[in-house]
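So that you can tell them apart, the chains are marked A, B, C and D in the order they are listed, and the count of residues begins at 1 in each.
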Amino acid sequence: MKKWVWLFVMALVLFTISACSDSSSGEGDEIIIGGIFSASGPAAPLGKGEMDTVKMLVDKVNEDGGIDGKKIKLISYDDKSDQNEAVLSMKKLIEQEKVHAVIGGTISGNTLAMIPLAEKSEIPFISLAASKQIHNPDDKSSRKWVFKTAQGDDVVIPKVLQYLKDEGLTKIAWLNVANAYGTSGHTEFAAMAKEFGIEAVVEEEFEATVTDAKAMLTRVKKEKPQAVVVWGTAQESAVITKNIRQIGIDVPIINSHGIGTKQFIELAGAEAEGIIFPIGRLLVADQLSDDDKQKEKLLTYQKDYEAEFNAPPSTFGGHSWDAFYLLLEAIKKANGTDPEKVRDALEKDTGGFVGISGVFNINEKDHNGLSKDSLVMVKIKDGGWVINE
Amino acid sequence: MDIKKFTRSYRFNLYGITVLLFAVIIFPFLVPSNYIISTFILIGLYGIVCTGLVVLMGHAGQISLGHAAFYGIGAYSSAIVSGKFDFPPLAGVLTGILIACIVALLIGIPSFKLKEHYLALATLGFGVIVFTFLKEWTSLTGGLNGFFGIPPFEVAGFSFTTDRSFYFLVWAVLAFGLWFANNLIHSRTGRALKSIHGSESAAESIGINLMTSKLKALIISAVFASVAGSLYAHYISFINPQLFEVMTSIVFLIMVVIGGSSSLWGGLAGAIIYVWLVELLKDWVPLLGFSTGGEFEIVFFGVLLVVLLIFKPEGLMGSWKERKSLFSPQKKKVQDKKGAAL
Amino acid sequence: MESLSQLMQLLFSGLTIGSIYALIAIGFVITYNITGVLNFAQGEFAMLGALLTISLSSAGLPLYLAVILAILIVMLVGGFFERAAIYPARKSSVATLIIITIGISFVFRGAAIFIWGTQPHSLTPFSGNSPIRIFEAVLLPQSLWAVGISLAALAGMYYFFNKTYTGKAVTACVMNRFAAQLMGIKPEKMSFLSISLSAGLGALAGIIIAPISGASYQMGLMLGMKAFIAAVIGGLTNAPAAVLGAFLIGIIEAFSEGYLSSGYKDAVSFAVLLLVLFFMPNGLFSKKSGKRV
Amino acid sequence: MNLLEIKNLSKDFGGVHAVQDVSFTIKQESITALIGPNGAGKTTVFNMITGVFPPSDGTIILDTKKISNKKPHQIAKEGITRTFQNLQLFADMTVIENIMAGMHLLTKTGVWKAGLRLTSAKREEQYIYDKSMEWLKKLNLEQEAYLPAGTLSYGKQRLVEIGRAVITQPKLILLDEPMAGLNHNESAKLADLLLDMKKEGNTFLLVEHDMEIVMRVADHIVVLDHGVKIAEGTPDEIQQNASVIAAYLGSEVTV
């Protein structure tokens, strides 16, 4: 018995220590921002860039003297793409670190699990994940404190459908990856396709770990679609895209915004040529006309990120850029970090904010504020991206 | 000599549970942080699952790599019954228990003809199949989009909405689970399970039905896991199938093994160590100068796990009880069998 | 005609992926039989092999050299892993050993994120990318490489275990540890040898699949699992049967993907595993196949 | 009165006739010994009686009830328990726990009663404990009651195993080479114990190589060779039986 009592006491002491060690913060001379990203685990290709971006921006703002003389303190955690870790991290940030706002939730599942905590503790929470449920839930539960900076499927899918309609491609094949990213895209597609007069002649799923989908694609080929839509992130979409061409399906391929990385082009090789997908302007910043509102910011972000990490930024990193600067904007407008005021400022005073993902018009009804104009259709050409509008 | 001496370890555990209850009650007053309370909610939930696993693994000697499936069955039963059909939460818990029992029977009967590694793989396969069900049966489970809007747990009009109330609920359930398991392992049934672990042929020779005994252990552990899953769903209010993947089963196994499956307290000890190691690494690893992401936490966790098990192969609580190797009788047989088969 | 070409296509896909599983499965069988350990980190060797090759070849080494070097490095890593983690714990219980190998796989995966990041990487195919068409079905040169190399590796293994002195020593160790010891063979040495050998095979598997699906730090888990199933279906104690099992699983996967839905792919292969375990616990090919490695 | 009746028992293992057409009977309150050279099929007969595997042919009748083809735990329920040639103790459990486990069939507390520790469960636990302690005294193992069974000397482990088998007072107890590994002194004591227990009404069937002991304790001896019964009778009869002598000394005689 002695030993386990001892163990328990030791555990208790540990927690008390870690509980007390951080209570010094929150004295008003700093702005404390919490970050929760999936920098490892399955969602890491998205989350790593988000985490790095915020870290870079915090350093930059602090070097420039902070906001109104106040430095920003960032406390960021990696939830390892795990929901329970995300929830615990959220609690820790709110309870222990006493953060003024939280940025994060790389994937929708983790975000949805964290939302009730933000709502209950009344802390502004800006999510980077895409699901519509984050800001506009089916069950109408409260989202007073929750904002999001990623284009949700409710924005991306209409963009794709509009493109298909314009091109006269009405009989298409729909393929999505079998995870939350793919299925939520599919749900939205199924709900909206009719509106645009698009019909899926075949709908299939593939695993995120797919290595060869030619078997499944033979079924797709039989249905003779006019175009194929592939909804997934870089690695699995590359496999599917390659296989589609290898098996001899020669119709246009439309991918999702999840493939907006150089890796996709490398992985898919020659077969990447001609692929079309919707994406934020970041990818094609240098091709934008000079009167484009976003251009300057996009190029700066690109330059800074490349200087710091020796790799081009991703649109996911862009989401966290937007979240960070939206939050700063709101803090400036609110003249402080009072959560209620910051929240109100986010909702009312950030209209027309020009970010990386687009121009935000957040209001009481829409805590995302992006429209489908924030996206462009991009084509892969000669191993690079060109605007296709 | 009277029975007092014999029941020493039983009474000793009973004191342990009493002390535990006492500690559970005063703990929130010592540590008011909701964050720490929530880690203890998670520990409590894992503790329930792992205490069930201790009965199955440490006593009956049967390994399982599929317990996340029972955890998931509990969670989804509660989610669907109380979230979709608006029945009271208790009905969801009971539904979960019922389904878990039936599934345990269905999987247990064919699986328990197998031993060790083969049993481990069969239960692993079972876990994958249940996961696929949760993922593909979208009309009921919501598929990979997840299931949200699960109401808080409620019993007799009292709603467990705060962390603290839920903490008391979870630990009360855990204490009951420990008490139940302690009673069980110090009884005729518990001895029958241990006999099987000791020698299957000898157990049969004294009239113990191997199959039904193993099934009992499996069902008990499945019920523990299902109840914990139900509570988890009510606590977190949002679930998705990926929470109940194979990795979760492996995590349960990790907890039981580091805690020590031969001791009643092994499951709880493992849960405490696991949850807090992961949490503390989050703070400690950056102090060592690695500030990038979780990869170092993963590396450190892996290294610590391996080192711990090399030095304490029976887990922390296991070596304390000075028991012989957990699977030693079977282990020897594997080698014999191998020798013979070749 | 159409259904014939689909059938062919499914068969090609199944054989390609099956040959990858086969290489990892042989590693499983060798490790299991010599050390008694079910190595859950086996798939990680494939990941390490693939990513190392990519790094080495992008550093300017010719592909064949990169491949050989990567395999050698992974073999060393495997050997080190045996010394550091498996050997000290060899007398522990089944559950403890399983968890130790899982702990090791955490370490490998975490280290891979650190070295190669989280983005997937690509490797150019060994010999061109122009598909070969047979009955309207498509066969890629890389698939031929995959099947060819796995069969060659199997032949190599057969030669090693039956014709070379070291190989015979390992086999002897499997058959009768005690007798082998009397003959002056050190089982510890064999354990080291067997794990680095299976690490090398795993690395080879990863390198072959990299041009097909790309490579990333998390590719090992699923490859390992599938190879596992393959090994058990064939009979965990028999390498040629494990290879047959691997091809079978590859083909079953391709067919369930082609005719059913890919969402059920994993469930179908695990269901096959359960059926085999329940009804033929010694593996599908336990009687037919003669020699075991 | 015949307790056990074995009729035309045969067992083939893939074409090998391990036991062929063996018949014999066991009388109540007797000690029957099954002897024969190595590989004669004695353990096979044991395994068939205790249900480890079913006979290929023939029947086993206990008290007019046919018990062939039953599972081991069912056979135990019918009243036949056994010990094993290579000790099969529950090594991690204490001595008293081993004996208490032996009481499984005499008791009935299930999961629910035990888990909730109802009064009936407590009462039964006390009963199991008392009875087991009583047996430990009888076996002179009182001092070792709380030691893990695996730590005892070989001779004492044998005793524990026998205690575990007899505590339920089965109709028939099968002992597979009970004297193996015991020294002369220990075997003699165990033989006395067996004779005492016989007087108390127990019936034994034993396989044993120690002829001195067999001749001393057995009332009836059955001799197997190459799976076939070659002789049966009292110790005196067997000692004089020519074919038994040939079977045991066969090779030496012919050479």
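We take it that contacts are C-beta pairs under 8 Å (C-beta built on N, C-alpha and C of every residue); 3 or more make two chains touch, one makes a residue touch a chain.
Values in this document were obtained by computation on a predicted structure and should not be read as measured data.
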* Asked: By CA centroid distance, what chain is farthest from subunit A?
  -> D
* **Core chain by centroid distance, with centroids computed from Cα atoms only** => B
* Which chains touch each other through the most C-beta pairs? -> B-C
* With chain centres defined as C-alpha means, what is the inter-centre distance between subunit B and subunit C in Å? -> 31
* Starting from the mean Cα coordinates of subunit C and subunit D, work out the distance between those two points in Å. => 49
* Structure fact -> Averaging C-alpha coordinates per chain, one finds the centres of subunit A and subunit D separated by a number of Å equal to 72
* Structure fact -> Separation of the C-alpha centres, subunit A versus subunit B, in whole Å, is 34
* To do: Spell out, as numbers or ranges, the residues of subunit B touching 2 or more other chains.
  => 135, 292-295, 297-298
* **Residues within subunit A bordering two or more other chains** => 39-40, 44, 47-48, 178
* For subunit C, residues contacting two or more additional chains -> 110, 113, 263, 266
* Using the contact rule from the top, write out all pairs of chains that touch. => A-B, A-C, B-C, B-D
* Using the touch rule from the top, collect the residues of subunit C that touch subunit B in their complex. => 32-33, 36, 38, 84-85, 88-89, 91-96, 98-100, 102-107, 109-111, 113-114, 174-177, 225, 228-229, 232, 236-237, 263-264, 266-267, 270-271, 273-274, 277-278, 281, 292
* Structure fact -> The subunit A residues in contact with subunit C across the complex are 39-40, 42, 44-45, 47-48, 178, 204-207, 209-216, 218-219, 222, 234-235, 238-239, 246-248, 261, 263, 266-267, 269-270
* Structure fact -> Touching subunit D in the complex, subunit B uses residues 1, 3, 5-6, 180-181, 183-184, 186-192, 194-195, 197-199, 201-210, 216, 220, 262, 323-324, 329
* subunit C partner contacts - residues on subunit B that touch it in the complex -> 57, 63, 65, 110-111, 113-114, 116-118, 120-122, 124-126, 128-129, 132-133, 135-136, 246, 250, 253-254, 256-258, 261, 292-299, 301-303, 305-306, 309-310, 313-315, 325-328, 330-331, 334-335, 338-339, 341-342
* subunit A partner contacts - residues on subunit B that touch it in the complex -> 12, 15-16, 19-20, 23, 27, 30-31, 33-36, 38-39, 42, 135, 138, 143-146, 148-149, 236-238, 240, 242-243, 265, 269, 272, 276, 278-280, 282-283, 292-295, 297-298, 316-317, 320
